[in-house]
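Before anything else, here is the set of structures, which you'll find just below.
First subunit A sits with subunit B, and in the next complex the same chain sits with subunit C.
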Partner chain A sequence: MIAPLAAVAVLLVLWELVVRVGIVAESNIPPASAALSELLNQFGDGAFWSAVGSTLEGWAAGLGIAIALGVPLGLLIGSSRWAYRGLRVPIEFLRPIPSVALIPLAVLIYGQGLQSKVFLAAFASFWPLLIQTIYGVQDVDPVATDTARSFGLGRLERMWRVTVPSAVPYIATGIRISSAVALILAVTAELVIGAAGLGREINVARSGGNLDVMYALIVATGLLGWLLNLATSAGERRVLHWHPSQRGVLT
Partner chain B sequence: MRMQRVLAAMAAAALLAVAGCGGDSGSSGGGGSKGGITKVKVGVLPISNVAPLYLGMKKGFFKAEGLQVEPSIGQSGNELVTGMVSGSTDFAFLGYTPLMSARGQGLPVKVVANADNGAETAKDEWTLLLSKKGSPIKKPADLAGKTIAVNALKGVGEVEIKAALDKRGVDPNSIKLLEIPFPEMPAALDKGRVDVIWAPEPFLTTVLDAGGQAVEAPLTTLGSKFPNGTYGTTEKEIAQHKDVVQAFARAINKSSDYATSHPDEARATIPTFTKIPPAVAKKIRLPLWPTTIDRAKLQTLLGFAVKYKVIEKPPSLDDVIWEGAK
Partner chain C sequence: MRPRTRRIAELAVEIAVPAVIIIALFAWTAGKPTFYFPPLSDVFERFANTWVFERFGSDAWPSLRRMGIGYALAVVIAIAAGTALGSSPLLRRATAPVVEFLRSIPPPALIPFAIVVIGIGDGMKVFIIAFVCLWPVLLNTIDGINGIDPTLKDTARVYGISGRDKLLRITLPAASPQIFAGMRLSLSLALILMVISEMVASTNGIGFFVLQSQRSFAIPEMWSGILLLGILGYLFNLVFMIIERHVLAWHRGARASSLG
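And then the complex of A and B:
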């Protein structure tokens, strides 16, 4: 616990020094102290919290759609050799499309609001989940599957009792990755399209030449990402408390 | 190659299919009317020039016309045009140049009301060509051969700067334009990446406060009170909700008149919709907000835009301006 805090403190001191010493002009970037004290100000501002709420709304809806589509599709594609072979090329084609490149399409179809943001966040976070789920299914121990089969378990039951539990660690990792991706895309959509949220507030501060507020909000997006990562990691531990990767080593 | 094309088509079809599910549930096309109040979404840029809209909302001028304005913040004129055409906004505050350019390309957008104009004289102008403190560039003639930062290439900045230089007898083709967003211009000037920046408020005031020099006011050189921005809408909106468009035009014109006669109240609204630091908002230069559309000067602007190849296909002003506009 001490090491990470020390690292953060060192970074903040470096930021402060770089500006104070004049390596970067204070008119270009505010010192860390100014940005952080402005961040405290923002905590007392209702508009800040409603922006945080809007960002989280886009994150949650985007990630939710990605989970709802990515996990079942991943289970299906992963458990059928035929489907995997057939769909591998389209998946490999669609997956690398940066969501940001779809912004013009999103604006044209969904306009400048929440829907565009959700579409972009869902599109971007869908792929890591899909791929993780497919890998998870393909990594199921064949001995376990064969054992289940020799016990006379049907296709559905094998899926539920063997495939899903052994794919869960992969899915959980997929959700953690996708959560970060969904937040990045939500903020990007706000910055670029102007959908309500922290990203838009950053841009408004930038257009108004208010660097203290701008950097305070940038720090806020970082904090939000960190908190969401803590939350998904904690969720992962809870769901996977039985899994070797989460158990303490016994000697 | 053919395979890729097929895949691309599949990808596009899949995206459109996904898109179709979302449908058109946005508050578009005149918005919903409830209790005699019609919601209208207005695309805006978060800059002080749009103050009359917010002042008018505060004074109830829109409510008196049965309208409830919901501003939607955009980043550029072109994006605001897209927003209107796609139906996600009903109106937009944007420059005449991007609107006329869109119209020239056949997009069905129209001017509903005048928004803001340049100052009467150069000393009050709110977008200036600025050089760094101590720079030898002090007057328009010094600009020949220099590198100038504009927010967008092939935008209104390029038109105004080149036309003004031409008028001053400086070869407009001698300058080099570099694209830098407004907020990053002061830093670019500081570091010497450019010789001169074309900066509006609030950056103009911060640069002048830091010892920067005003070299030229292109807009005033083109003409006193030269038109800059407009409130636009789409032909579809005019055809389907003519009463809403008329009500909006009346309300925004009333707001502009009120802002002109009460500049302090207009200024006081600025920190409510921008994040310009209050101390800066107190002293920035404000545009003029006349309500008449200056057709003669717009024709001049259009001529320059064509001359400097910013607008390829010029529309006729009768196509650009809604017949119900002032």
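And then the complex of A and C:
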């Protein structure tokens, strides 16, 4: 516990020193103390929290849509051999399209507001979820399926009692990946097309030459990403406490 | 169905469904073209005119070069740093919070920082691409080295293998499946960051071209750029998989986990 804290302290001191001594020009990077005190300042500012709220709004809506579409579709495609073979190539082609390539399209169709942000976040986070769900369904232990079948469980019931529970660890990983992706796309949308949120504030601070604020907001964005990551990991552990992958030593 | 018939039928489905989708798109966009969704034939025509080869040198090549340099830098630095961190638990514990924080920053948020510190030239884009691609490779290298079978390590010690030999013949090969997993993740990130960095501040590049086309309402051109990015993403993934399969041919896991 001491080593990590010490490392963070050393890093902050280094940051402060590098700027104070003049290795990096203060016009490029403000000292750590200035950025951090500005961050505290921001915490007391309503505008900051409304920007955080806007970013989270885009993140949540995008991720929600991706889950609502990706998981059921993944279950369907994964459990049908024919559907999987037929759709494999289209999926493999669409999946690597960088969702940011669709920014211009989103602006044309949805304008510069929340809708564009949600569309981009949903599109980007849909694919990891879909792929993870398909893999999860295909990885179901055949013995479990056969056992269920010999006990006379119907198709739907097998799906619900065998396939879905075995695919849940994959889906949980998919949600964790997608959550990070959705946040990235929300911030990108704010930065590039100027939808309200932290990304836009960062850009505004930069073009206004307000470096303390810019660095404070970048740190805040990092903290937000870190907290969301922590939250999804904790959620995963809670839901999957029965699964072998979670039983090991927790780091 | 007999297995042979079934295999042929499956292959037929795999070819037929995408073909039907493309034909349907053709018919749909040709039937009632709207401003935002021009006929697919127009998009293909613009694609041929734009990217073969008029703008390839002026926009596609600078993009690909920046992406290549950034990605290569990230992989080299990440494997080196990952090896150091993976071999020292103390170092790893000490740096964990810093690594966790830095990799949680949504990468676009760093673009303003890079613009202020480095400027808006190629250096900024290479920095952003490298910075973002670093983390998946770094974390996977650390995990891979951590997860090396203790028997393997003990055997190496018994045979007195150490130093460079140990690194090149035991540590890195044993961790390579995970390192490759990280590199594959980073590859798609590199493409994404290439586009974002060009959209925010650039005077050339595919991302710049796509955004510029949209702003001047050159919709078929915009679609042709999106199409190019899709093709690039698909090709990168394909080439990487071929290389991975070749390099990791010895690794059974690589076969077991590759589906169908």
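The definition used in the following text is that the second predicted complex is superposed on the first by the 235 of 251 C-alpha atoms of A that agree within 3 Å, B and C clash if a C-alpha of one lies under 4 Å from a C-alpha of the other, contacts with A are read in each partner's own complex, and residues count from 1 in each chain.
In this text, a residue touches a chain if its C-beta (ideal position, glycine included) is under 8 Å from a C-beta of that chain, and two chains touch if they have at least 3 such contacts.
Model, not experiment: these values are computed from the prediction.
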### Query
After lining up the shared chain so the two structures overlap, which partner does A:L105 touch, if you call subunit B first and subunit C second: first, second, both or neither?
both
### Query
Which of the two partners, first being subunit B and second being subunit C, lies in contact with A:S37: first, second, both, or neither?
neither
### Message
After the superposition on A, what does A:P90 contact: first (subunit B), second (subunit C), both or neither?
### Response
both
### Query
In the superposed arrangement, which partner chain does A:N210 touch: subunit B (first), subunit C (second), both, or neither?
first
### Message
For A:G194 in the superposed arrangement: first (subunit B), second (subunit C), both or neither?
### Response
first
### Task
Tell me which partner A:S166 touches in the superposition: subunit B (first), subunit C (second), both or neither.
neither
### Message
Is A:T145 touching anything from subunit B or subunit C once the two structures are fitted on A? First, second, both or neither.
### Response
neither
### Task
Please determine whether it is subunit B or subunit C that touches the greater number of subunit A residues.
C
### Query
Which parts of subunit A are in contact with subunit B and also with subunit C?
28, 89-90, 93-94, 97, 102, 104-105, 107-109, 192, 203, 205-206, 214
### Query
So in the complex, which bits of subunit B are touching subunit A?
4, 7, 10-11, 14-15, 18-19, 22, 25-26, 28, 43, 45-47, 72-75, 79, 82-83, 86-89, 182-183, 186-187, 190, 202-203, 206, 210, 274-277, 280
### Message
If we count contacts the way the header does, which residues on subunit C are in touch with subunit A in the complex?
### Response
10-11, 13-14, 16-18, 21, 36, 90, 93-98, 100-102, 104-113, 115-117, 188, 191-192, 195-196, 199-200, 207, 210-211, 213-215, 219, 222, 225-226, 229-230, 233-234, 236-237, 259-260
### Task
Please give the residue numbers of subunit A that touch subunit C in the complex, ascending.
3-8, 11, 24, 28-29, 81-82, 84-90, 92-105, 107-109, 135, 138, 180, 183-184, 186-188, 191-192, 198-199, 202-203, 205-206, 211, 214-215, 217-218, 221-226, 229
### Query
What residues on subunit A touch subunit B, complex-wise?
25, 27-28, 89-90, 93-94, 97, 102, 104-105, 107-113, 115, 119, 192-194, 200-201, 203-210, 212-214
